[in-house]
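Structures for review follow.
Shared chain: chain A. Partners: chain B in the first complex, chain C in the second.
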Partner chain A sequence: MLNALRDPLKYGFAVGRIKVRETKMLGLNRIDRLVSASNFADQKRILAETDYGSFFQEATTPEDVEKALNDYLAIVYEFLEEVYPDKQILSYFRSRYDFHNLKVLLKAKYGEKTAEQIWSKLGMLETEEVKKAIEEGELEGIAEPYRSALYEAMERFEQDKNSQQIDIVLDKALYKHLYEAAKKQKNKFFTGFVRSSIDLVNLKVFLRAKSLNRESKFIEDAFLDRGFLEKEKLVSIYYDSLDIAVNMLKETSYAAIVQESIVGQEFDPDLFDKKVDDFLVRYLQPAKYIPVGLEPLISYIIAKENEVKVLRVILIGKLSGLSAQTIKERVRVQYV
Partner chain B sequence: MAILKVNPNRMELLKLRKRRAIAQRGHKLLKDKLDELMKQFLEQVRKNRKLRKEIEEKLAKAYQIFAIARSESSAEIIEEALLYPHMITTVKISEKRLMGVRVPEFETEQEGTFDCYGLSTTPAILDKALLSLNEIVPLLIKLSEAEKAVELIAVEIEKTRRRVNALEHVLIPQLNETVKYINMKLDEAERENRTRLMKIKEIVAQGSI
Partner chain C sequence: MGETFLGFNGYQWAVFAASLSVIFGGIGSCVGIASAAKMSAGVLAEDPDKFGGLLVLSILPGTQGIYGFITGLLVVVFFGLLEGDGKSIVLAQGVRIFLGCLPVMIMCLVSGIFQGMVSTAGVSLVAKRGEAAGQGMILSALVETYAVLSLVVSLFLIMAAQSG
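Presenting the complex of A and B:
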């Protein structure tokens, strides 16, 4: 009852703006045209009909496409900030880029490389300042949760000089932060989404580690907390055949994703990420019909991120000479 | 054909005949070497072509998988994943002799694993792309070894062919000509001598009458 009164006030403006924007999303029809376009120039012509058009005017190389897509995402996040200026929500979407930058900074420091060209500009931290802080070993000025994640990552790297540890620690910290940011919204739909994402990441780690012949200790370490699935159960069947994993997941909604990604007795990573993204977008789809609330708001932003991902597959795929068939297989389910 | 500048005497003739015999023997040996080198060369080229084709097919496939991985996530993520690799590939270079040609031999050793990145935020297909590229690296080194060998054999063939040609078309004909010239000179001297002797004999005979 209380929600019914509160939500229109809190989210009414944002959802109103989003409903208008939803109608401008690419949609299957345009995506099909983009996939079957004969070259990048044709794709640009199709994109010119959309709000992506102005970002791609000068683009000719994969690097230009990356830049255009990143610029576009920056506008999406700006829009989010404008319609719903909530720090937690914004941090939910943009912290992943900060964590990416932390990884880059640490790896560049330990590998003695310069890597400014792969810094993401979509984060919220001042990368230059963080770089200086890391170089000087003065992390006190860095905000949480980044600071403690940095300390842990550095400590773990110092122990065994394995750069993978940096990624593992920071990925875990990222998902912990995502979960907490979602939890603060007190919205079951949102936390459910994050927890499902965590499960799917764990399943991905499980299957990839298995095909890379890593030891079970590796997944125990790399698994994320706060998912729906019990980590311990997954660890206990790590050395068993994949059928057992499929059987164990039978009751969950992830069974199909895992089952379809197993060819023979081996994990085939080919379309795994697409299936994961499709699953998550399908999870979000009902939010379209919620007239007002947090659900349509976050779903729209995630859907836009997904749309950018699809565009990347189509545009970079075409520029790299992938066949239309290969690209089409990888086009994700669309929110609208 | 020019002849060598030698004094046309019996001593030189003997020397030249000896040289000619050695040159002819050398020519035969070099020609045999050339034939064998050619055989080896063609065989190696055939092998290389097969290896190259196999590698090119594998490489095209690996590149395609990598292109997919690259399109599935942003360039920054892929580059970050591969920023600090911990697999070390060492190439030991030694030499072996192939028909007297010194060709390099590469031996590769790989230490550590190629997955130097977190598995949570990178696309799953990246593993497949790197696995196939990783399989190709030793093959590429093997191919470079084989192609270098072919190149060196080709240089050796060229050198040997030039030597064979020099012997066959320059030195041996020159020696032949010179031997012939000295023979003619010696014969001429012989004839002169004989005529002189005959003349002396005639004078002596007249004087005695």
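Presenting the complex of A and C:
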């Protein structure tokens, strides 16, 4: 009851703004048109009707598309910074980019090549400063929780010389940070969202490790705590067939994701990622019917990021000559 | 001073009744309007054309404050609180006035807040579909009914208290 009194006063303005912005999202109709457009120039014409238009005027290559989408997302975050009453929610979402950046930078320091790029504008850390600090090993100037995560990752890497340790340590730090940030908001919907995301990361690690025939110790090591799934249960069925895993997951909402991302007997990580995004967007859908509160704010961020992902698939797919049918299969579920 | 009940004499009970009617009705309306208006401001920042519908939605929870005001004012006028020392109001009458004002006090407080919630939902509806403003208003007005009913009963009870 108290929340019902507080929420409109705390979130009303921000929710009012994003509810209007939500109506300007791409929508199924435009997505369909984008998918069936005959070429990239046609797609640009369709995008010109939306607020994406100005970002794509000069774009011709996949790199341009990436850049335009990142610039667009940066503007979205700028807007969110302006309207959201509680900066903590945003710092929660932005820290994901920071941890991602740290991963890329650390790997670069150790001479690992990665295809992934830095999200310079989306994180909160100053990328140039952090880059310098990491190269020189002087981490004093970096804020928590990043600093201790970096120390641990570097230490683990020095021992093993295995870049996977960097991923594991930073992922663990990221999800611990996210969970704590969500818990502070005392919002079931939000914590549920984070815990489900943790489960889905765990499941991905589980299935990937399985398809690569790794030792079960690997998933024990990489397992993220604080999700709904229990570590022991997953580890105990690690060497069993995939059917058993699917069966065990029947009581959760993840069984379908796992089942559908196994093609033949092979696990398809890309398909899994798509199913995960679909699942999370579906998780957010009830927020559409909450008139005011934290839920619509969170949903908007995820919905917007998802929209950018969808656009990336469609535009780059078209640029690289994929058929409309193939692109359609890869497109994710939409929030609006 | 005459007889007292819980430390108040008849005149003081009447003043108490008038004040609380205005205060509780006012609180209900303030909370209701604030929640609807704050969200309306957000919507207007993006889409100023929706002002008409949003104004009505935001103003609807305001009536409870007016009902509280009417009740308070009637008590002042009917029982001559402005002139005299109020000796004319005996204890029994003062308590009856207070009890008569209770429907407005409680119902305007509660319905004002809840109407604010429905109006806020209406604002969210208008943000999505501008043409739905009328529907949002009707839904919000449904809550209004009970504030009106409480006002009617309070007025009758006050008149009854006046006629002795």
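Some notes on this structure:
Just so it is clear, the second predicted complex is superposed on the first by the 319 of 336 C-alpha atoms of A that agree within 3 Å, B and C clash if a C-alpha of one lies under 4 Å from a C-alpha of the other, contacts with A are read in each partner's own complex, and residues count from 1 in each chain.
Operating definition for what follows: a contact is a pair of C-beta atoms (placed from the backbone, for glycine too) under 8 Å apart; a residue touches a chain by one contact, two chains touch by 3 or more.
Everything numeric in this text was worked out from a predicted model, so none of it was measured.
Annotation for the three-chain superposition on chain A: chain B and chain C fit side by side.
Look at A:D270: by the touch rule set out above, it reaches chain B but stays clear of chain C. Geometry note, superposition on chain A: angle between chain B and chain C about the Cα centre of chain A is 160 degrees, to the nearest 10.
By the document's definition of touching, neither partner reaches A:T61: not chain B, not chain C. Once the two complexes are overlaid on the shared chain, A:S253 sits clear of chain B and of chain C alike.
In the superposition on chain A, contact is made by A:V15 with chain C only, not with chain B. Looking at the shared chain after the overlay, A:S163 reaches chain B, while chain C stays out of its contact range.
In the superposition on chain A, contact of A:V83 is made with chain C only, not with chain B.
Shared-chain residue A:V201: touches chain B; no touch with chain C.
Contacts of A:T23 after superposition: chain C is touched, whereas chain B is not reached.
Minimum Cα-Cα distance between chain B and chain C in the superposed model: 30 Å. Across the complex, chain A is touched by residues 64, 67-68, 70-77, 79-81, 83-86, 113, 115-121, 123-125, 127-128 of chain B.
Listed in rising order, the residues of chain A touching chain B in the complex are 62-63, 66, 69-70, 96, 100, 103-104, 107-108, 110-111, 113, 115, 118-120, 161-164, 166-168, 170-171, 174-175, 201, 204-205, 207-209, 211-212, 214, 222, 224, 269-270, 272-273, 309, 312-313, 316-317, 320-322, 326-327, 330. Those residues of chain C lying in contact with chain A across their complex are 31, 34-36, 38-47, 113, 116-117, 120-121, 123-125, 127-128. If you check the complex, the residues on chain A that touch chain C are 4-5, 8-9, 12-23, 83, 291-292.
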